[in-house]
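Each in structure tokens, the structures are laid out below.
Next come two complexes built around subunit A: one with subunit B, the other with subunit C.
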Partner chain A sequence: MNPIVKAEHVSKHFGCIKAVDDLSLTLAPGEILGLLGANGAGKTTLIRMLCGLIRQDAGSIWVDGRPGYMCQSFSLIEELTVSENIRYYGALYGLGKDEVRERGAQIEDSLRLGPYRDRQVRHLSSGWRQAISLSIAVLPRPKVLILDEPTSGLDAMSRRRLWDMIQDSASAGTGVIISTHYLDEAFYCSSLAIMKSGRLAASGHPGDLAGSESDLLNFFE
Partner chain B sequence: MIRAGHIGRSFGRTRALDDVSFSVAKGEIVALMGANGAGKSTLFDIISTVDPEFQGEASVAGISVRENPSGVRKCIGYVPGRFSLYPDLTVGENLEFFATAYGCSPDAIEAISPQLWRGLKPFINLRAGNLSGGMKQKLAICCAMVHNPFVLLLDEPTVGVDPVSRHDVWEELAALRSKGVAILISTHYLDEAIVADKILFLHQGRVLLFDSPADMLSAYPHRLYALECPIGQLQQVKAELSACKEVRGFYLRGGNMHIAADGEFAPGTIAGHTLRETKPTIEDVFIDKLSFQSQTL
Partner chain C sequence: MLKAVIIKEIRHIIRDKVSCMILFLMPVFTLILLTYALSFEVNHYNIKVFNADNSTEAEELFVRLDSYPKIQITGRVGSVGEIEEAFATGTTRAVLMYRNGSMSLFIDSSNPLMTRSIETTMRRILEPSESIPIRYLYNQSLKKEYMPLPGLVMIIFILVSSIVLGISINREKSQGSYKLLRLTGVANHHLIFGKAIPYLVITLFHILVIYLVCLYFGVAIVGNLFTFFFLCLLYSGCCMSLGILIASWLDRPIDVLILCWIVLFVPNVFLSGFIFSNSSMNGVIKFVSDALPGTAFVSAFRNIAFKGTSFADNLPYFLLLGGELLGAGLLSLLGLKRRIPR
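Entry: the complex of A and B
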């Protein structure tokens, strides 16, 4: 299967710090690639380069189309309602009014948001805000979805709901790159890339790399 | 060391806490869990004397939170949810600031928590804002412990902290526990909760569970099965499971679908894959409990 993301020998420096160092990876359609590593290992820098938010110093990056992107902090407009956020971002993505209405209804149905569609986002819990953010990230049906610690600070049920959504997107053919500190989430992924000091310390199928969550810790040491 | 009796707290029409009772003994770690908005931070605000507008009774080391808040403050160390140190001050200056506020010497930390301080000492002249996530949290705990409190309150100290640093933080907490410190810590990490002595699980402001992890696991009411579930077959698996009347619930857990079932559930295979019976984890316990509660925004 042809890759939808291809990064070859990518490096990025900040002053004398090598944030990402000669890193290569690929992503196939329907693949969920988990990005693991200690704080400061270079995960967010890599993600920002893949999204085109910052430019690499060396190497090449190719992504099939504009990726859907979701970061740790909420990107919704808190003063707008759920429906207004969907309409606003739909317009930003250049979707037609009918398509936004149809996709908005799908999102509200699948998340059972009906009674809350006219509620300001700031009144929703962080778990629901992340679920809505993810729904908006996939509005333009991107081939690639890039998620930077989307489950950080979420409770177990909210994490489960978000992962259901991620798995559904992947089963529909979307390629997903997701960073996380939850080791159990590593086993939701179809492949892993473990970063250490900006370099790729290990990569492969989760089951081949580690038999358990605690085994994964060895790659962090 | 911490006693909470029938605590209630409302904000306008929202009932943030409702009839919450629990206790934390000397040398015990209680993990406070629950959905975002379940009332965890409100509970910390009450016990740490920040919020006096509550119903019920709360005490720390026998001192009433309502009647003698300044007495309580001397007994507790509090690490709030958001990074609360001064990023422009160095590690040493932050510690000195908090020690001065408590009227003690910053050098005391060396005896109170030698292991914790040993890891931080090499960075004593580094600005706190430049520390890694794990190191920031270790410094926050040091600052909260500098006056040698009986009780330590930590509101989600490991959010966004990598697994190795989280492990380090919990080793420090275990060392403080063995010295008799009573610890109430909120977390979303189930691997952290399982090493606590008890878990206090809040849901919509009420106590849903308060027990040891072992007792919670042994009280799990269903038989649990795991099914390796390739992403491409997810919809087929969900459809087949939805048609089984014995199935109480199913959800993804790691690379497997977990299936809670009752009665004579013996389908052999689902979508061509064999089921295997498995033991529940704390997450399975929570999911089971929460499945009887309404989903709220």
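Entry: the complex of A and C
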């Protein structure tokens, strides 16, 4: 299957710090690639380069189309209601009014947003905000979805809901790159890329790399 | 325990650039302004003279007048009709006319503070010899409302156009929505215009209110209304551009608020000639004062609204405001392009 993301020998420096060092990876449609690594391993820098938010110093990056993106901090406009956020970002993604309405209704149904749809986002819990952020990231039906620690700080239920949404997107053929600190989430991914000091320490199927969460810790040492 | 808190606080202050600016730069800046640069006393007047009789007595008087350190004769007027023209750009404060063997003094009273000052000075110099009839132009009843109005409008526009808009743009960055906006493909200039237009509408509302307030206080706007509204819009646009410039290079809304306060609000209030006369400023302070959008706005406001001067008479002020609008706008685009918050 042709890759939808291809990064070859990518490097990025901030002053004398090598944030990402000669890293290569690919992503296939429907694949969930988990980026694992300790704080400062270079996950966020790599994600920002894959999104095109910053430029790499060396190497090449190719992404099929404009990726859907979601970060750890809430990207929603807090003063707008859920429906207004969906309409706002739908318009910015260039979707027509009818399409935004249709997609908005789908999101509200799938998340069972009924009572919350006309509530300002700032009054919602972190879990709901992240679920809505993810729904907005997939509004334009991107081929690639890039998620930067989307489950950080969420409770178990919210994390479960978010992972259900991610797996639904992958089943529909969307390739997902997700960075996470939670080792248990590594086993929800179809492949892993473990980063250490900006380099790729290991990659492959989670089952091939480690039998348990504690095995994964070996890669961090 | 106390020691630990003190050490932590010292480190906090030293490492937070904005705190350092407030704690060290701001007091020095204010001290220099209030002790050296600013004075309520007006120590320099540009005047013009008109010798209708071609009298040698008048010429001797003009030479004596020019020798006073506070007075500088910057030119001559050829006829009575040219007197108002002399006041058009706002650089001439008074015209001394010698006709039919007696003197008359014409004073630009669009700025009542300056009017009182120049009147006192001129009387002190000239009246030992004879009493001078004085004619006040533009604000004949010397209404005090003429004095603060341009400055107040200037402050309102800085608050609405620079500070609130700057914080609003910066909030997008701090909330994380800016990264998402970048990925939606929305162009930076669309983002800027999209955010600025509602504030422009609010500004239009304020301009209308200002116009009504002028009418209410009997401060007639005698100039071309279109030119007056254009001036207000251009100044508002300039303030927006400067606010966006600050917002685009900083990551935290609180930093934007503080920096807008330090580099826009305080200098424009103190140095624009609204509270302290520009005539008393020298050197670098005078240069800064002349470059401030507030100075251009207050001067052009007085000229257009109170004196009825034309767009062409105020062209340098319009060019300065337009130039700063464009310059700050371009630097903002650069800042938004480069500065992606973490």
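As a working rule, the second predicted complex is superposed on the first by the 221 of 221 C-alpha atoms of A that agree within 3 Å, B and C clash if a C-alpha of one lies under 4 Å from a C-alpha of the other, contacts with A are read in each partner's own complex, and residues count from 1 in each chain.
Methods note: contacts are C-beta pairs under 8 Å (C-beta built on N, C-alpha and C of every residue); 3 or more make two chains touch, one makes a residue touch a chain.
Remember, predicted model here, so these are calculated numbers, not experimental data.
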Fit or clash between subunit C and subunit B when superposed on subunit A: clash
Touched partner set for A:A170, first subunit B, second subunit C, both or neither: first
Partner touching more residues of subunit A, whether subunit B or subunit C: B
Subunit B versus subunit C as contact partner of A:A156, first or second or both or neither: first
Partner chain in contact with A:R48 - subunit B first, subunit C second, else both or neither: second
Partner chain(s) touched by A:Y69 [first = subunit B, second = subunit C, both, neither]: second
Partner chain(s) touched by A:L92 [first = subunit B, second = subunit C, both, neither]: second
Subunit A residues contacted in one complex by subunit B, in the other by subunit C: 72
Complex contacts: residues of subunit C adjacent to subunit A: 175-177, 179-186, 340, 342
Residues of subunit B defined as touching subunit A within the complex: 33-38, 132-134, 156, 159-167, 188-191, 231-232, 234-235, 251-255, 283, 286-287, 290, 295-297
Interfacial residue positions of subunit A with respect to subunit B in the complex: 30, 32, 37-41, 72, 112-113, 116, 119, 123-128, 149, 152-160, 163-164, 167-168, 170-171, 181-184, 187-188, 190, 206-207, 213, 216-217, 220-221
Contact set on subunit A toward subunit C in their complex: 44, 48, 51-54, 66-78, 89, 92-94, 136-137
